[in-house]
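Sharing a structure with you now.
Going by the order they are written in, the chains are A, B, C, D, E and F; count residues from 1 in each one.
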Amino acid sequence: MVSTSERPRLIMEDGRRYNGRAYDELRPIRMQVGVLNNANGSALVEYGRTKVLAAVYGPREPQLKHVSIPYRAVLRCRYHMAPFSTHDRKSPAPSRREVELSKVIRESLEPVVVSEMFPRTSIDIFIEVLNADGGTRTASVTAASLALADAGIPMKDLVAGVAVGKVDGVIVLDIDEVEDMYGEADMPVAAAPSLNLITLLQLNGVLTPDEFKKSLDLALSGIRRIHEGMKETLRRRYLEVKVEE
Amino acid sequence: MSVTPSSPDYILPKLKAETLASLVKKGVRLSGRALDEFRDFSVKVGYIPNADGSAFVKLGNTQVVAGVKLEVGTPYPDTPNEGTLVVSAEFVPTASPVFEPGPPDENAIELARVIDRSLREIRAIDLSKLVLVPGKKVWVVWIDIYVLDHDGNLVDASAIAVLAALLTTKIPKVVVSPEGGITVKKGEYEGELGLSRRVITVTIGKLGDVLLVDPDLEEESVLDTKIVVAVSDDGRISGIQKSGMGALTYEEVLKAMDLALRKGGELIELVSSATLKQLKEGS
Amino acid sequence: MVSTSERPRLIMEDGRRYNGRAYDELRPIRMQVGVLNNANGSALVEYGRTKVLAAVYGPREPQLKHVSIPYRAVLRCRYHMAPFSTHDRKSPAPSRREVELSKVIRESLEPVVVSEMFPRTSIDIFIEVLNADGGTRTASVTAASLALADAGIPMKDLVAGVAVGKVDGVIVLDIDEVEDMYGEADMPVAAAPSLNLITLLQLNGVLTPDEFKKSLDLALSGIRRIHEGMKETLRRRYLEVKVEE
Amino acid sequence: MSVTPSSPDYILPKLKAETLASLVKKGVRLSGRALDEFRDFSVKVGYIPNADGSAFVKLGNTQVVAGVKLEVGTPYPDTPNEGTLVVSAEFVPTASPVFEPGPPDENAIELARVIDRSLREIRAIDLSKLVLVPGKKVWVVWIDIYVLDHDGNLVDASAIAVLAALLTTKIPKVVVSPEGGITVKKGEYEGELGLSRRVITVTIGKLGDVLLVDPDLEEESVLDTKIVVAVSDDGRISGIQKSGMGALTYEEVLKAMDLALRKGGELIELVSSATLKQLKEGS
Amino acid sequence: MVSTSERPRLIMEDGRRYNGRAYDELRPIRMQVGVLNNANGSALVEYGRTKVLAAVYGPREPQLKHVSIPYRAVLRCRYHMAPFSTHDRKSPAPSRREVELSKVIRESLEPVVVSEMFPRTSIDIFIEVLNADGGTRTASVTAASLALADAGIPMKDLVAGVAVGKVDGVIVLDIDEVEDMYGEADMPVAAAPSLNLITLLQLNGVLTPDEFKKSLDLALSGIRRIHEGMKETLRRRYLEVKVEE
Amino acid sequence: MSVTPSSPDYILPKLKAETLASLVKKGVRLSGRALDEFRDFSVKVGYIPNADGSAFVKLGNTQVVAGVKLEVGTPYPDTPNEGTLVVSAEFVPTASPVFEPGPPDENAIELARVIDRSLREIRAIDLSKLVLVPGKKVWVVWIDIYVLDHDGNLVDASAIAVLAALLTTKIPKVVVSPEGGITVKKGEYEGELGLSRRVITVTIGKLGDVLLVDPDLEEESVLDTKIVVAVSDDGRISGIQKSGMGALTYEEVLKAMDLALRKGGELIELVSSATLKQLKEGS
């Protein structure tokens, strides 16, 4: 049980956010691929203190025959939080939240994976949130995308994700846990920028139509920057930058 | 573990699928509906006598019951002076040949969470009014969605049922003893639950480059993707969920928002007036 | 937690029951078939405020191969209560009570379904109690029977069910929840009247041998009346009557 | 989900099944027993030292252990001044080649609930005597039935074991502190649990138009159906369960009741005297 | 909730244990085989008040196809405690302890069962602890070994088990529950004496290297005596002796 | 239900297995390591900011994270004046092509219980110091082991991670209200948890009549059996687990103990100094 301090001020007098960032500033982002030995592909992605590991196995024979599809590979995706990843210890049993996020993350990747190339196989994406500080689902999409690429799975584009939020009335990019908890809206977005496709879009909170458009624009600008970083990471195997430098 | 569905809810014969697609390009639907037209729906409130609020909804051939129950419980530690809200959904096996008994699958969980989020942050229910003994005893608002027959667009049918059920929910009468013990007076009520905001969802399907509202099961089986938008009675967006395998362009997303806001406003009025009419006629 | 009022008086001075019914009087019964679009057969049955929906799928290929039988159809039956159907919210996980009732309801239908006509198939009966006010299992038998008929499954007879009880020392027909809770005995019975076969019989409570015979006779008289209503419903698709008028 | 059993507990060779059926019509059983004759049974009480009451029962080759434990718990809100009773049954995989480990299946659940009901409404155990701190702390009576070897008629074997175990159950000694804390004195007892009524079940099988008591596994495999009747020591019926796929005529039901009442009375006396004999000999 | 009396004295002034036994003295041991009718082999083993039933089914077709092995039989083993076997009622759901013990017991038997003789089959060992007073896992190994022999499964040797412990600083044989609970160490050992093979070895507690050697020697001496009793039991079908007489 | 594994974690090609076996007889390992030589390992402490202590360990290619969290809970009734300790392990599916999502299997449960026992009886953590309100509120020490990549010897890699995590674990700051309510000050700490004893495990594999420490995945796939020995910093044995299908002779067991005690002492020092070095450098 964490102490419920007063709701903190999230936008300072100078217009900066409580964490010192500008409204359109990403956290420091680190990305690394090939971090695991056994997996066919893997990536470790950090958005600030949010730390996510993704592993890809496959294309391989499905564990369960009846989930195979004759004309394409199935994607199997699990988003899972380590018990120590959250402030209060998380029970290892899958929560309803984890079930939902596994689905939306899978659906954010379905449009780019060239699954028709591997009929009757399974491409398994295992995501482990090691430390959670906001934006875990969007960091997961980024990590899964990199792990798929690292595994050599053909993709039409890399999908990158980021959450925007409304805090103290201001639309800000890449919100962390505090901004999520005390803010007015949290909108995770993932997109394949080269294809101009939005593959994940959720909103938890309330926005006016205008605020929504502003939020979506801000998210896509962040996604483009992260997408550049991902491409660079795949070239260099490792990237640690403030992506927007 | 989420897996690409290998057996869809429904398989549309290939020829019919092609007809559907080519018609839709011309702005026509198999059912004759306009692209921005909801199916007819009916609402029966008070359908579940043992619930504190309930509604049976038929949206086309999709049938859903929502039941609301208020039970005495304890608040969450971080909100000691608020009641709590729990939304659950079951796709019961009566509803479709592909639904099997068992705990809710990812689709039922997603539906419940989408409905939950549409109500929660906008504070559609004023949970601060649901405190019985501050810090200790509050009302738990259980909203249970029960899908009885599946002909597509379960989310909007559920949202209609939940809105109607909540608009008719009453708060049970209780006696609080000096020691803080609470006794619920079975079958007696203190007043209406009331809603601070009325909220509905509008589900928009994408097929090729066409958007259409309230897809039925045949349409859902061939859609590229769907987007669910929660809309409030003051014209704000109180939730979004892209749901399904495909993707949308930036322009499609903006267009879907416009469409949802327009249809959502209409729908809230239709549901509200149908509900109120019954309330006047009934009980 | 419902207030535990004093045990109410169940038989009034004029011999009538607390709910105004005579000892041998059924509640108003409503029956409707074909209420669902997807199911092969369906029925909605109400005994007073008890409301039960039954759906039948099949004969169809069994979901699980190993439950098929070479010389007959298997019946699969689930009795399930909606969370909002009871005074205190019911957890959706199947209770031991629901497991048992699924079995006795299935066994009440086994004797009439001509299962040998559909070897290696499954006939699936899904029963959802939408509102519970006593007699849910017997209303379920009636509803399942109608749904089977609506699905065109050949049956040797329609099975109808009703519960009798002993309240304030008196044997009464079609008890409701209050009479069940505060009464001395609850005896659910189902029968195929044309075949003179009792297919479900349970007793919860205590009866002398004489009381038992009286209870069984009363149950069978009620069953015969409901059975007539069922046949009428299948002709008319819908019936709302005080069955005994 | 209850499913027509596809693999029965036992498959009797066809020839033997025919012999059995034709013999039974003449009133004779494969085992040589009369139609209204129980198999021999033996009872060992105090079989489980760690239980507060227990009995091992062999009914023919069917072996069952019943263990009774009293633990301190909280009463149900609607019966604040009564102890509580929980009956469970496990068909452990030692008992039959077709039993697999796992949570109790529908047969084990049915058995436990039939035994539970046979005791509960007739108030065989006076739960009002099992209150430690009114409204707060009561004895929970756990009755656990453990089927070790299955040769038919598990219900009656269990009912015999439960009756014997309850007749020998003792109430542990406790110390209640001024603040209401309760300490159980391990291994020390205050007195007998005692039974207000002794209850047994009698299971009657129907094969064609013949009724027979205490069917063994071979017989069960060919029976049309069974009916279990709970009988009390004052000659009343305290429970009924038709169990199995077939049906009975009105006349057969009445005949079964007569048979059950007669055999039940005998059985209660046999079990009671066997139990009391051991109590005198033992400890 | 059992009263937590003071920690009792476990070694008396005369050097005897609190239960009257010498440091190297086994409890009275009873063994009986063929106690079940349905199982292919069975045994009931008692170490003092610890009472364990073991049943063996097989070699037979595996229940689940995918667990079969082409060149040998699989062993399936379940160690399970009856709800009434412990002082506080045990929930019937398998605990983590039961999962672990099922594994170590199976692994204690793997080295002696001639599993290559029965390819693609399953040999199923079901162990039920009926009353627990310490040493249940080692009594289970002994019982399972006897049940396997009773089922006619070829074995290279019989495996016997016993636990040694350190109580009040003294290494003692065949500890009971009190000695386990209040002692400093509990070391269950199982061995196939004729093969000079230790097949189960665990230590819960702390020992110096010297104490460890002393404990292991004491365990093996006890195991040899129990092993003699097992052979005698299989000849006579039943044995009730203080094995060390 | 424990079943002989039909699909091992890893299948070594036959030829390689034979080479491995013949080399090992000569005291040489495929990797070039000596029989009593551990693989190189690295430790990163403070890897999980949200944990109160944590370490990421790479032992060869085996990768494990251990996270320690202290939460406020209630003591066990029989130890009212002690904190409690819970050790869990998950073999997450990132780690191996044969690991599937789901509750911990017998191997993960065994690992967690072996680590738990190695710490508990020797009182490596002084639980009596973890009392907040005697008899009512204590610290629960959650140790969660997360296996990320599996290249053999998961137990020792976990033990290293747990030792390093515990050496760096801090106790959160709390405020106890007069009524006994406890508020944890998020992100603030009162001091170190501290260890009364440092404990490590040493896993020794047996192949033929050869013993070798720290087996990697290739070696594990052909071992006859393994023995895990927990060793404390004062040279005592604080746990043993023979694990795997085979058996050891009496002489092998004694030899394994000697080996484990020697390597264990070295390992404790290596882990401690690596951890302390980072503590000095970091934060």
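What we mean here is this: a residue touches a chain if its C-beta (ideal position, glycine included) is under 8 Å from a C-beta of that chain, and two chains touch if they have at least 3 such contacts.
Keep in mind that this is a model prediction, so the values were computed, not measured.
Peer 1: Going only through chains that touch each other, what is the minimum step count from subunit C to subunit F?
Peer 2: Counted as steps through touching chains, the separation is 3.
Peer 1: From the centre of subunit A, which other chain's Cα mean sits the farthest off?
Peer 2: Result for max centroid distance from subunit A is chain D.
Peer 1: Work out which of A-F, B-C or E-F repeats the contact pattern of A-B, with more than half of the residue-numbered contact pairs in common.
Peer 2: E-F
Peer 1: On a C-alpha centroid basis, what's the spacing between subunit B and subunit D, in Å?
Peer 2: Chain centroid spacing, subunit B to subunit D, equals 48 Å.
Peer 1: Counting in whole Å, what is the centre-to-centre distance of subunit A and subunit D, each centre being its mean C-alpha position?
Peer 2: That gives a centre separation of 57 Å.
Peer 1: In whole angstrom, what separates the CA-based centres of subunit D and subunit E?
Peer 2: Each chain's C-alpha centroid was found; their separation is 31 Å.
Peer 1: What's the distance between the Cα centroids of subunit C and subunit E, rounded to whole Å?
Peer 2: 51
Peer 1: Pull out every residue in subunit D that's touching 2 or more other chains.
Peer 2: 1, 101, in rising order.
Peer 1: What positions in subunit C touch 2 or more of the other chains?
Peer 2: Within subunit C, residues 1-2, 78 contact more than one other chain.
Peer 1: Taking the touch definition from the header, please name the shape of the chain graph: line, ring, star, complete or other.
Peer 2: Topology of touching chains reads as a ring, each chain with two neighbours.
Peer 1: Circling the ring from subunit A via subunit F, which chains come up in turn?
Peer 2: A, F, E, D, C, B
Peer 1: Using the touch rule from the top, collect the residues of subunit B that touch subunit A in their complex.
Peer 2: 1-4, 6, 77-78, 106-107, 109-110, 112-113, 117, 121-122, 225, 227, 230, 232, 235-250, 253-254, 257-258, 261
Peer 1: Within the complex, which stretch of subunit F touches subunit A?
Peer 2: 47-51, 54, 61, 63, 65, 67-69, 71-72, 88, 90, 92-97, 100-101, 103-104, 142, 144, 146, 148-151, 175, 182-186
Peer 1: So in the complex, which bits of subunit C are touching subunit D?
Peer 2: 1-2, 4, 66-69, 72-78, 96-97, 99-100, 102-107, 110-111, 115, 184-185, 187, 192, 195-209, 212-213, 216, 220
Peer 1: Within the complex, which stretch of subunit A touches subunit F?
Peer 2: Contact set of subunit A toward subunit F: 1-3, 5, 36-39, 42, 49, 51, 53-55, 57, 60, 63, 78, 80, 82-89, 92-94, 124, 126, 128, 130-133.
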